[in-house]
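The following pair of complexes shares a single chain, subunit A, combined with subunit B in the former and subunit C in the latter.
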Partner chain A sequence: MNYEITLLTTMAISVIFALSLNLITGFCGQISLGHAAFQGVGAYAAAMLAKAGWPFFATLPVAMLLAGALGVVVGMASLRVREDFLAITTMGVVFLFVGVVRQQDWLGGELGLSAIPDHGLGKTGFMGVTLLACVAVALLSIHIRRTWMGRVFNGIAEDEDTMRVLGIDVPRYKLAAFAIGTALAGLSGAFYAYHLQFIGAENFGFIESITVLSMVVFGGIGSVAWVLIAAALLSALPAWFQVIGDYKLLVYGGLLFVMMRFSPGGMAALARRLFNPMATREGKS
Partner chain B sequence: MTPADTKQALLAIDAVTVRFGGLLAIDNVSFEVREGELLGLIGPNGAGKTTMLRTITGVVRPTQGQVRLDDKPLNALPTHQRIRLGLALSQQLVRPLRGITLEDNVALAAAKAKTVRPLRALLHTSSQEELGLARRELARVGIESLATQSPATQPLGVLKRLELARALALGPRLLLLDEPLAGLNSKEAHALAETIADINRQGVTVVLIEHNLGEVLRICQRLVVLDNGRKIGEGEPRAVMADPVVRAAYLGSDEQEARHA
Partner chain C sequence: MLFIELIAQGLVQGSIYALIALGLTLVYGLLRILHVAHAALFTLGAYVGVLVCNASGSLAVAFVCAAVVAGIAGVLMYRLAYQPLLSQPPFVALIASIGLYIAAEEAFRIVFGAQGLSFTQPSLQGQVTLGGLQFKQAELMVMIGTVAIIAVLAWLQSRTRVGVACQATVSDPQMAESFGISLRQVRDINFFIGSALAGFAGVWVALLNNLVEPTMGSVPSYKALAIIVLGGLGSVPGTLAAALVLGVVEAFGTIYLGQLLDRNAIAFAFLIAVLMVRPQGLFARR
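Let's turn to the complex of A and B:
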């Protein structure tokens, strides 16, 4: 039973993380190659506060706020310049994050932070809270999609020049997507820190950023339900097959390539084609 | 141009020069667009029409000179803010959002008030009002029966009208049309020109960039002619087209030959 609880918690954290990237990459069409850095900021914030004696629930908003604030700073630096800068900047941010955190003794340096205090909810209670947060993030995603913000995001993802001509402040909307997405990544980081009770800078590096991107692409960029399924499945894989752990990057990289080559719309598009072959040109589900 | 002239103008182009590196794309051009008129902006290929349009919409910043809407300088404003001040553009290459229906495309423009800021957009889900307006604009350009279709399956003639409906849904004071008739057959072009003239009669000020001279002469009340980045003619269509300088530019011959013709 313990094993299942741990696995479910891990899956829920991955789903929150993947859905947070889906908001940026899926909804708004902005590629981020360094999303793990924002999860890292959330994780370190929660861990430090927990060690300082803060209660579990008080650390969550701070983790979100700090990650979101870094997201806005990174976004301002890159979104207003040129669209393809974002991929490069975000990649730079994740290397910078790992590099800087490793040098900071007050953040545990090379050794990372260990003995992070317990959340005090018990294993099952913590799983419940994580699952609830996961559902909330999924519902928020679905809600955003239904608002005018979601419709504008969708337009920006398809053709931002046309959105400008329709009077849309494109950089501002991208920044909004970035702020929400990075704040939610920070939330997943806080759960991550409490779940493992040990974190190191390398847990939030480039490989993790590619892993979460492949979850989003595998599910189907933009589709909430399929990204949820993909993240849950892929995060459980290393636990089910011990051997994948060693070849994680190869597996995820390969998956990313295969999906891009054969079904750029991910499993979502694959499912649409299977069940409704006539309507493949319709909008995203 | 005297200051009194610019005050009456809805849009004033004031001594605008645009230079791309060593290339002089627009050379000290001034003209104005008056409230309620249908102005044709014409000229041979490479005359600077599209650059002029881009200077008005803010894609291109002038090297010198000023663009003013209602006497308000636009030079420092990005495209989306100019749109919100009352400009609307129907693009030369149709660019519908292909993942959503025709009416949703138009509704996105009609939702201007709700999409002004992201936070505001996040608080609104209802699209009833915008869809109603979208339907009216689609009807205005004659394609309301296709409202729930996907643009991906529509012919160019419909997409040109969709582009027009989307621009109209912004409720513009000045509608900029970039070669709306290009690529259409003569019957379609005639019908769409008629629609444009109707829209103008309903009170929308229009600037029409167009190569189809026959339709331009038929519907425009006034012309501005550009050639090699310079303004070479302005005024009532017949008079402008009778000008030897304009004829020469169009026939690609020198002025003397034009005078003989």
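Let's turn to the complex of A and C:
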């Protein structure tokens, strides 16, 4: 049972993380290659506060707040630069995060933070909390889609300039997407810190940012249900097939490439094609 | 004295960045793709260089083989990976490219082992004193080689039919095509030259460190992206200048900011700072 509980907790944390990126990249169309930095901020915030004696539930809002605050700052960058330039800027953010944290002795420096205090909920209780949070984030995503804000996000993703012409305050909505998305990434980071009880800067580097992006892309950018499924599958993959543990990155990279090459819409598009072959054929011709 | 030394170090590093980033810029100018997997060709070139040099004993043969193999691999990569994705939004190709790079890095690790390879008889390792500064022979050769290659490229671009065809294609593909330029050939040539340069740079880095590892491409690949963005995406002279500037900024940064940030963080802090002031890059004309 112990193993399943750990696995489910890991999956729940990954799903929260992936859905948080889906809000920014999927809904609002702002590509981010540095999302792990925000998870890192949340994880470090929770870990430091826990070590200072704060109770588990008190650290969560602070972790979200700090990650969200940094998210707004990076979001401001998205107002200055677009598309390829934004991708590279967010990539810079994650390298900057790792580089800065590594040099700070009060954050554990190269060694990272270990012996993070227990959450005091027991393994099953903690799993319950992460799963609940996971469901809440999924519901929140679906809800956002249906609101006015979600529609504006969609509009920005489709055609930013038209939205501006329509008189929509695009910067405000972009910042909102970054704030919500990065705060949720901070939440997943706090769970991550409590789950592993050890964190280092390299847990939140570029590779992790790509991993979470691959989950979103694999599922199908923007689709809540498919991103949830993809994140759950991909995070569990290495645990299920011990054989590929060593080849994890090869499989990740390969899957990412093959999916983009043959189905840029991810699993969501594959499923659509499978269940409704006529529609796509018509759409293509 | 430290001042001049740092500038010299920065220029050596900058020359290598320039060799890698030039290929990326050629690809970006032509296809608007951020070609992360370019660094896989850099690593491939380094491995080919070391293996050929150890087998044949000739460094010149190693350079030629590395450049040719990387160049061919680059053309294949374009045909198999990018060509079908050109009609998709740009992030599709970017993510495909990242996937390709990650897979390639792991493939190098599985095929050649994680601990890396070295030259059995490393050449060009002697010290040279020039104007009171100590250089490795290889370091001087990198700078001279980079200047020579860039001069040759500039000449090819402006003075030969093929070069002019490439320029025409970059500025207006449709117009170029209607004048009878084969887009397919131009793209193949660009990928070949850019990738060959990456392979060439790989051998230089292998010589400088006397070590080839599977992960040697990861830092240059991300940094080369930073450089072409700094240089204003797609501009060859801009890329060149940005590469040298970044090399020098890093050299100074590691001395004066080393307590606060590591080398990569300095490079990206510089990148972000520049982009916030000039979102179109340092040297873009706009």
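Here is the rule we go by: the second predicted complex is superposed on the first by the 269 of 285 C-alpha atoms of A that agree within 3 Å, B and C clash if a C-alpha of one lies under 4 Å from a C-alpha of the other, contacts with A are read in each partner's own complex, and residues count from 1 in each chain.
Basically, a contact is a pair of C-beta atoms (placed from the backbone, for glycine too) under 8 Å apart; a residue touches a chain by one contact, two chains touch by 3 or more.
Note that the structure is a prediction, hence the values are computed from the model and not measured.
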Completion exercise
Counting residues of subunit A touched by each of subunit B and subunit C, the higher count belongs to C
Exercise for the section: Could you say whether A:233 touches subunit B, subunit C, both of them, or neither, answering first, second, both or neither? Expected result: neither
Practice task
Could you tell me if A:149 is touching subunit B, subunit C, both of them or neither one (first, second, both, neither)?
Solution key: first
Exercise for the section: May I ask you to decide whether A:31 touches subunit B, subunit C, both, or neither, giving the answer as first, second, both or neither? Expected result: second
Practice task
Classify the contacts of A:165 with the two partner chains as first (subunit B alone), second (subunit C alone), both, or neither.
Solution key: first
Practice task
Applying the touch criterion given at the start, work out whether A:176 contacts subunit B, subunit C, both or neither, answering first, second, both or neither.
Solution key: first
Exercise for the section: Considering only touches as defined above, state whether A:72 meets subunit B (first), subunit C (second), both or neither. Expected result: neither
Problem - Contact set on subunit A toward subunit C in their complex - result: 31, 77, 80-81, 83-85, 87-89, 91-93, 95-96, 98-100, 102-103, 206-207, 210, 213-214, 217, 247, 249-250, 252-261, 264
Exercise for the section: Note which residues of subunit A are touching subunit B in the complex, please. Expected result: 143-144, 146-149, 151-152, 154-155, 158-159, 161-162, 164-170, 172-173, 175-176, 281-284
Practice task
Sort out for me which residues of subunit C touch subunit A in the complex.
Solution key: 32, 34, 81, 84-85, 88-96, 98-107, 110, 222, 225-226, 229, 233, 259-269, 271-272, 275-276, 279
Exercise for the section: In the complex, go through subunit B and note every residue touching subunit A. Expected result: 57, 78-81, 83-84, 89, 91, 95, 97-100, 104, 108-109, 111-112, 114-119, 121-125, 127, 150, 152-153, 166, 170
